[in-house]
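One structure is given below, represented as structure tokens, and several questions about it will come after.
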């Protein structure tokens, strides 16, 4: 069970770290500042310039599409990729610069594994080239999406087409003007067995009948131009071949899609936790009160130690979950992914909150990246399944070894 | 030790509750929506209309200036006032409508107790009439203000004037165009004993030499038009009589000012916690997953019980601290105020966070008041002294009963 | 809502404090040391002498039967009694010395309210005089007694008698040779509505058919000679008039009995928490490491503050629950008793554990009362209902205000 | 960074598991029950028989001395050994049966690395053969031993001898009649630099001048016949060559000795946590209340999930610390050992406490091994350095990367 950095990974990781430190992170604030200028939902010329320059550099260095199941990239294991994701977590732009941003990686995975040849040409190729972006439409406002069997968007066959009706929200990235395609979870049957009533279907973003109702806000932030869009679909029509794999196989695809994505999210969260701890330590030795550096006051030593211990444990658990995935047994790796999905965001949130407190009022302000980081991390306790659902999965896996009583709760 | 609602209070409390529920809370969102229109730092006509209407109603009903040490209001005890503050915590506008908003109540208190007759005429009277607003300038960006002896803004006597130089930030409410006066903590000596180097001085908000550098943001929000302003004072000159009580008595005034203010903050926080618990309960019985209302899934019963138990304890501790204040012994009540200053914000934050989680993604969005409430509450763990400083005070008070070792840490 | 010490209480409380400090607490260790000599389940002459001397003193001072619903004692309110219980928590022997020990107070209450005249003469009178002791047999080994409707001991009417069969365990105090009577919860019907299948019945401790199977141990301690006895009842026969109130009214009596008992337990726990905090503080200023008193190292200030804040909140919540009881509305006070039943033991355990840690290895040893106190307190999270059941009650009370979903979980 | 089970380890681990399950664990209760018969501090014939039989079996299978730096055992890495230690944690007798019990493994290590040839013959050989046992005397009653530089036992050179005076307590295993030798940390100088004032010296257990003052108790248990002995040394004389390595090198030896020992303790704690979780799960599906198995009530699913997540993280952190040790850089591995020393006991305690609560009153009783396990685990938060000291080490290591302020606190 090798959870370390392989020899193959080391130079790639070093290059990624260096490029983030030297080129990408220094542009984060400039990029974000542009959002306030003009139409928030159109990339400014300066934003495009920043992004495209960095992407070109990354491609030129071969730092591109690490999570590549089709192309000719480095073909990294999940464990190896996890180390890169941790680094990408430390900069706002990094994941996109390396074409490793969510939800595009997951969507590329879906096209690569389950898409038709036409889809690969039309969507996968430009996604892999970083020319377009994509969205994943799962959750809905009127149902508890934590139980995905509740998903209700209607999908009816009419001749050679499917017709979609309903609402989706929290379509992350769908605000971006480059977002060209939606992958959508829909209800194609009310009669089939519970986990075969849903399908996954591909919808061009400019299809007639799609209305952007609003941008959802996260603690008051719309995350423009990326965004989290609330859509209404009114009689949206797509060719029947846009339905992936066949009717009723939505959950099968979703399970394939979400595993790696959760690990990436979690390792980026670990990266953010490290960044917060680093800011906390630097503050604690440079700021003085009551005649001492903060580090030497009260419980601050204990908090720093706690942060270090919690981060190390969360990282090891992420790496173990990644290693389990690499072994190829989905059933065996599922509870590990649930474990890390609960643990990593909570650790990252707690460390970020400690770092905020160590900074005093500066911590909640625009003078550090901590407050923004916290609100972003907070959504991870809900995205891709709230904590409670994942704990439930972990408990069910545990109790499956015992005689009875493990069903439901 | 009567911590209950007195007979005198009951009708007042009922009126306050009714007016908040029927008139004020329904206007909260409309008022806040106006901020996005035009210049964020000027009240729109609609905002003024909403506020002034409500204030007139409140005055007409005699629901005005509950924290009144001068006027002819109901003269409530701190315990009685605490119950009102809890209610005001449940609406964005309520505290201002009843002329009970921070930092004005504290500033009125300062003018009433330590101000000259001229100050009472010029500042206290219009404050009590709700015609102007005020700010309190304490914390500074370049020092750890948690140790207030670090405060550095220079205040030099030149003839009949004092000349102020330095920076202050987090001047809450100073963004409001109606803010007419600053009460400022300054360093008037470097040689006096540690707690006699500082003074409190009154500065008209439009004095030459005052520059608004920027609005501080709280998790990305500028709270316009109220705001938290970062000021630079360059050779700001005020008449010598503007210095309150005398040089070196800044801490004496600060201590008087902050006690009640902290209790008000804490009771408003309790009100917000109740509101969050109420939203959490309503959600838990109306939303279904896995075939059951959320309330019946996993730990949700336990969380609701925990929220209830934590809120009750925090409220009782607030009331006890208020009762201690009412006994009139500042030295004895100080550690109680520190206790509640630590406890109440943490309980309110925890309950609000639970409520957010119970709402799923809606919880972090604009569809409930929870996310905004959380960011506001988060600042209370820093404002008026970070948790660590208050815990330190509690521990020192505890250890004062023991032989040795209680000094510093 | 007066939660303070009444004028009537003050001199009583002062006398109780003084007697505990000067006379009772100094005998605790001597009394406990006797247990190891000879038969653990017979009081030694020295033990009897210690106890009877102290009891005589207490009676002489009128410090006796504070929880008196029959006699001519001081007739204290629950709030007043709570302050006394807190003090009694600080000494092993105190509750018995004042004839206020569990389960006797609860049993006296039952006899006084629901007993026949004959029972009052035979059992209540000597209990009130401290001449005999009693036990309360509720929980059983083969069922989850947390759901008391599971209680299974059979109670069948045969002519003028009831015949009892089954096992009971954790009969606290039943090891004491002076224990003369059991009050027993039994199942008198399998057909009645769920909460009317049980009855409460009075059984002389020396009835034929009662076997002491063993003494239950608490973390390895049998608490001899008091003890927690595991009994088997084989065809134990008692006259029909021994059944209290009538068949099917067991829960009605149990509810009456347990409310005040829980508050007493909780206030004694608060007393133990205060004792632990006091030992922790004394240790923290007298012991040195790394050149400083422990108080000044790491998080120790923060822990002391946390202990103080948690104790104050738990005490206020206890007093509020006591006050609710004094208002006389059982339905309204029930969730308050559940709240304190969860909170007080957990706070007392946490503070005791902190104090143990502050003492280093001495903390777990026989050199302080902390380890013994911890194991005793730990049982309170289970006795009279485990935490989970009480949290469930609190949540149900909360959700009763909301539309639906509040039933079961 | 391979943290998995090597191919070499797998058959050994399987044999150890099987022997514990089939032969050793079934004898635990019988062995412990013997302690109550006759003199607690002499092994009964039955105890000796049980132990020697099992030891012979283990030796016959080659399952002996896994932590062998001298002999011809399997020479396992720390990571490999860790997996075995986890299994040994699940049975009271297992560690001794495989000759892997503390403090003997650490003491063997000291003799092997720092002992003279004579010591190896006299002490190491019979220790490796399981014929004698040993003790390690470090901590003292009159000083805060958490700061080991406080250690005070005097050690004065007189001619060819050293003369020792002072007290030591918590000498674990020194109650065993087979304990033949003490390794003792002493103060050999008051003038040398702080970390060179202490020495380690070998003292035969039957040396004149050694008095057993008492057995220390752990939550009331003396752990006879193993025991934790409080000794007085009065002019105990040993030949000068008994002083290991040279005067002033005590800390050097202690550091070498404690690293692996801490990992063993921690992995045994993980084993105990697994045992507790297993009992908790079995109980939760077999016991019913309110019409459901306990698993399906309230937060029980969440607790089971939390236990699983915490155990996995703690195990991975242990394995990482073991792997760091195997890399051979003591300075680099030290903070990892401190981390795990804090984490593993706390996780094992928390899981054991949850399991106790899930068992109701049975949990605190003699009917499960949980209560005994808890008291044993509780000492690990103090043994080999209290949590606070280890957190301090972790924080210092963290802050060493930052400019200043990292010294002391």
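Think of it as A, B, C and D in the order they're written, each chain with its own count starting at 1.
To be clear about the criterion, a residue touches a chain if its C-beta (ideal position, glycine included) is under 8 Å from a C-beta of that chain, and two chains touch if they have at least 3 such contacts.
Each chain and its UniProt protein: A, B, C, D = Acyl-CoA dehydrogenase family protein.
Just so it is clear, the structure is predicted and the values come from calculations on it, not from any experiment.
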| item | value |
| --- | --- |
| Pair with more cross-chain C-beta pairs in contact, given B-C and C-D | B-C |
| Rounded Å distance between chain B and chain C, as computed from the means of their C-alpha atoms | 43 |
| Distance between chain centroids, defined by C-alpha means - chain B, chain D (Å) | 53 |
| Centroid spacing, where centroids are CA-atom means, of chain C and chain D in whole angstrom | 38 |
| Numbers and ranges of chain A residues touching at least 2 other chains | 294, 298-302, 388, 391-392, 408-409 |
| Arrangement of touching chains [line / ring / star / complete / other] | complete |
| For the chain B and chain D complex, residues of the former touching the latter | 298-299, 301-302 |
| Chain B residues within the chain C interface of the complex | 1-5, 277, 281-282, 284-286, 293-296, 300-302, 304-306, 308-309, 312-314, 316-317, 320, 335, 339, 342-343, 388, 390-396, 398-399, 401-406, 408-409 |
| For the chain B and chain A complex, residues of the former touching the latter | 139, 141, 144-147, 150, 169-170, 216-221, 287-290, 294, 297-300, 356-357, 360-366, 371-372, 374-375, 378-379, 381-383, 386-388, 391-392, 408-409 |
